[in-house]
Amino acid sequence: MATTGDAQTLFSLPVNAPSTVTRSSISRRTLFLMGCAVLLLVSMVLSLGFGAVTISPIQVLSILLSRIGIDTGVAFETQQELVLLGIRLPRVILGLLVGAGLSLSGALLQGLFRNPLADPSLVGVSSGSALGAAIMIVLSSSLPGFALSALGVFSVGFAAFVGGLIVTFIVYRIATRGSMTSVATMLLAGIALNALCAAGTGALIVLSDDNQLRDLTFWTLGSLGGATWTTILVILPFVLIALIGGPMLARALNAMLLSESEARHLGIRTQQVKRFVIVLAAMTAGAATAVAGLIGFVGLVVPHLVRLMVGPDHRTVIPASALLGATLLVVADLLARVVMQPSEIPIGILTAIAGAPFFLYLLVRSKHREGLI
Amino acid sequence: MISLHNVAYLIGAKALVSDVSFEVMPGAVTALVGANGAGKSTSLKLMSGQWTPSKGDVRIDGQPVGEIPVDELALRRSVLSQQSALTFGFKVDEVVQLGRTPHGSSAAFDAEIASRAMEIAGVSHLKDRFYPTLSGGEQQRVHLARALAQIWEQPSKGERYLLLDEPTASLDLAHQHAVLETARDCADAGVGVFTILHDLNLAAQYADRIIVLHQGHMIADGSPADVLTPEIILKAYDMPVMVTPHPCASCPMVVPIPGRNRSGEEVAVSAAASVRGDGAGQARGLAPSEPEYPLPVI
Amino acid sequence: MRSLALAAFLIGFALPSMAQADLSGPAAALSGPVVLVGADGVETTIHDASRIVAMGGSITEILYALGVGNAIVGADISSNHPPEIKTKPRLGFFRTASSEGILSLNPSVVIGSVGLGPPGVPQQLRSAGVPLLLSEEAKTIEQAFERILLVGDAVSRSAGALEMIDAIRASLEQTRAATEDLQAPRVLFIYARGAGSVQVAGANTAAETTIELAGATNAITGFNEYRPLTAEAVVTAAPDVILMPERGLESIGGIEGLMALPGIALTPAAQNGRIITVDDSKLLGFGPRFADAVAELAKGLFGAELLKAEAGR
């Protein structure tokens, strides 16, 4: 307590701040983010280079460069070019967007709920999407011509997106009284609505025939197999908005970790933050689910991983989650494609296989830091 | 100046506080005391703008608190809450820097201020520790540093206020005094300090002004010498006390009368001698004897 | 959709190359491009049917029956007949296929049904320049015929396809004639995927079509499509015979498991031990073996009576 009460230093303003502490912590953060970005790039290059159709890394480069008018003189077949540009590249980019979107969504919700176990399923996005998709898969044959003709291949995705948003909206409404939203009520309402949606989905499973059940199961495990440039255009705006909006909420979410009232004392408009977070998270997770099915684990674990590595500061957690989430999904999709080629494994299985051991390792390694998660 | 004017806060038909009027002056330490459930925390929540009064108004420098945008308010007053729900593994340094949230200042500047605030609050040595691993008292001092960092600079508009909700609750004796010394220093630097306290002697020693709440109503408001009387304290706490001059400070000292239960009835054991300045403790455990001081009239 | 598929094989007929298709050839001979409109309405030009990827069990069966089985370079896992298909590369289930997996086999044409998925796969295949012909998923006998014609046209085996259809028609007609004077038993079709999911076939299902073609009637008349089995519905339906796909019966633990289902033991079918199983894909796939499956079913349903009726003819 040697320095306590020294009125001369209280409220004394630094003339110029020479803090070396700060500079090193900033560069640490930047370094970490750069590391994540490099990891993502490497995973993308790898993912582009492997698959059922053989395309060597040099050919990958040559094909990509030829698109921007540079001829490398490395020979490649038209088939290889078509596969790379028409299937593999959209797929890798879709993996990037879905992974980034799900992780961002998870990071935002974990911050809002001050709960490291929060993920998009908590506010009903996932169960609502699943119900929407199940309705479309199982009942669309009973609604002749309606859905499929209007939305074509996106009918299930669209139903999933709408289902996710509707359920999230209901959860939000239930938890909002006057102008205040109770985060605890949202959690509980989310649990109840998740159960309701699961019941609905279960009922539809009972009604489904073999093909529908297959579709439903497949959808529940997620896949990037349907990636086309159109799918990318569908999800891109949502992920972009979250990529821009997420970091803007970082300081507010940091303050919210103290508690809602303390965040308000720190000048945060908490109600607005809550609304932003819910909208961003639901839209992004909903869009990701719509194009790729239910891919679990990513939204829950990636932000968690990041916090275990660099602490809970959202200014790092949010961008790093996006980058690492993208990496995890790109790698998982690579495995999904090559492990059993020429057929595929659902990606949801692989996100768990790829992410869980690493996550456990970090848990064990850091368990002495009590309360760190 | 923060002023409460005829403030009431109702939940349903029940008034948590009513008819509360007082001011918190810049440059002074104002302490709010009262029994559990007297409405102390409610008053603080109304002052901080967290709750809106059902009746009356709360003004900060003449402006109704509800009309000040939260981000502007945050530059003018900081709040040290009783406990924080923070369970995420921030480092102490980072928690203190959260106090800089409302400021648009550079990261380096914020870090420097955080480090100075930690020094003031005596937590510099903890700066690289993980917050959740600290003891309750250490955590409280970290939050004090955060609250200081928040109002480190004079705002462009109005005065600065520091609102403390039982800042000494989980602190040891030395740190209780250290924290209130800091509060005193803040007041000396022109900050309006408002603090809820349970320990009347701490209030007596550090406050310029004490306000006593009883069942949501103010029953006293004035200097420690005016307010800390056996009568007022008995009314507020339903507890008989004696008030003597502090042996080494120019303020009153409140001493509970042993052997008296809450309604003031005498019980079998009396060891009033133990509270005397001279030979204190020596009389402890002796056979019952007549109290040397006359008991206050109930 | 259906009219489009019809248009598809009409176009097929119009092409001169179709008429002179060589039925006996080992693989489809190259005789100029074939232009067909698939069930999804997309016009597909097939230059060469020497490397076929077949995405669907019935399509694989049709290709084998048309004599071009050795041109198949890969098939989905619902293709399990004839057995030799299992020695060729397996491409997952046709509804959850991998475009790149298909492309890695370098097919000259991919033939599948409109269920080929996940969504986006058809587009991916086409954008990679591979002709993709989609057929309707047959739920009626007419759709089954359309599919046979479409596949036949695609591999320049139109005549063979017509012959196959004629043969199926003839066989079905034979079954019909043999059973028409006989008392039609009431058949309950049970579709099971484990004890947790047991459904019965209502009106307007492929199962009902099959039952009727075999000369029997569906014991369930109250609803369309499939519904979960309930004890009361089963007892009310009072089926003379219970019909189950083999794998479905296995999934609920065989005959014993079936008897344990609520209400089943009270039915005349159970009391008389009249439980008939059929090969799943053979009966419900509406493929080339469909007529045989119906004939077998009729034999199972009528047994000695049928022989008597045939002898009497």
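Chains here go by letter, A, B and C, matching the order in which they are written, and residues are numbered from 1 within each.
Basically, contacts are C-beta pairs under 8 Å (C-beta built on N, C-alpha and C of every residue); 3 or more make two chains touch, one makes a residue touch a chain.
All figures in this text were calculated on a predicted structure; none of them were measured in a lab.
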| item | value |
| --- | --- |
| For chain B and chain C, chains touching each | A |
| Chain centroid nearest the full-protein CA centroid | A |
| Farthest chain relative to chain C (centres taken as mean CA coordinates) | B |
| Euclidean distance of C-alpha centroids - chain B vs chain C, Å | 82 |
| Whole-Å separation of chain centres (CA-atom averages), chain A against chain B | 45 |
| Distance between chain centroids, defined by C-alpha means - chain A, chain C (Å) | 41 |
| Of all residues in chain A, the ones touching two or more other chains | none |
| Residue ranges of chain A in contact with chain B within the complex | 1-7, 9-14, 17-19, 21-23, 25-26, 114, 116, 251-252, 254-255, 257-259, 261-262, 264-269, 307, 311-313, 369-373 |
| Complex contacts: residues of chain A adjacent to chain C | 51-54, 78-79, 82-83, 86-88, 142, 152-154, 156-157, 205-207, 209-211, 213-215, 218, 223, 225-228, 230-231, 337, 341-344, 346 |
| Residues on chain C engaged by chain A in the complex (per definition of touch) | 74, 77, 89-93, 95-106, 115, 117-124, 127-129, 137, 191, 193, 197, 199, 225-228 |
| Sites on chain B touched by chain A in the complex | 45, 48-50, 70-75, 77-79, 81, 84-91, 93-94, 98-99, 101-102, 106-113, 115-116, 119-122, 124, 130, 132-133, 148, 150, 152-153, 174-175, 178, 181-182, 184-186, 188-189 |
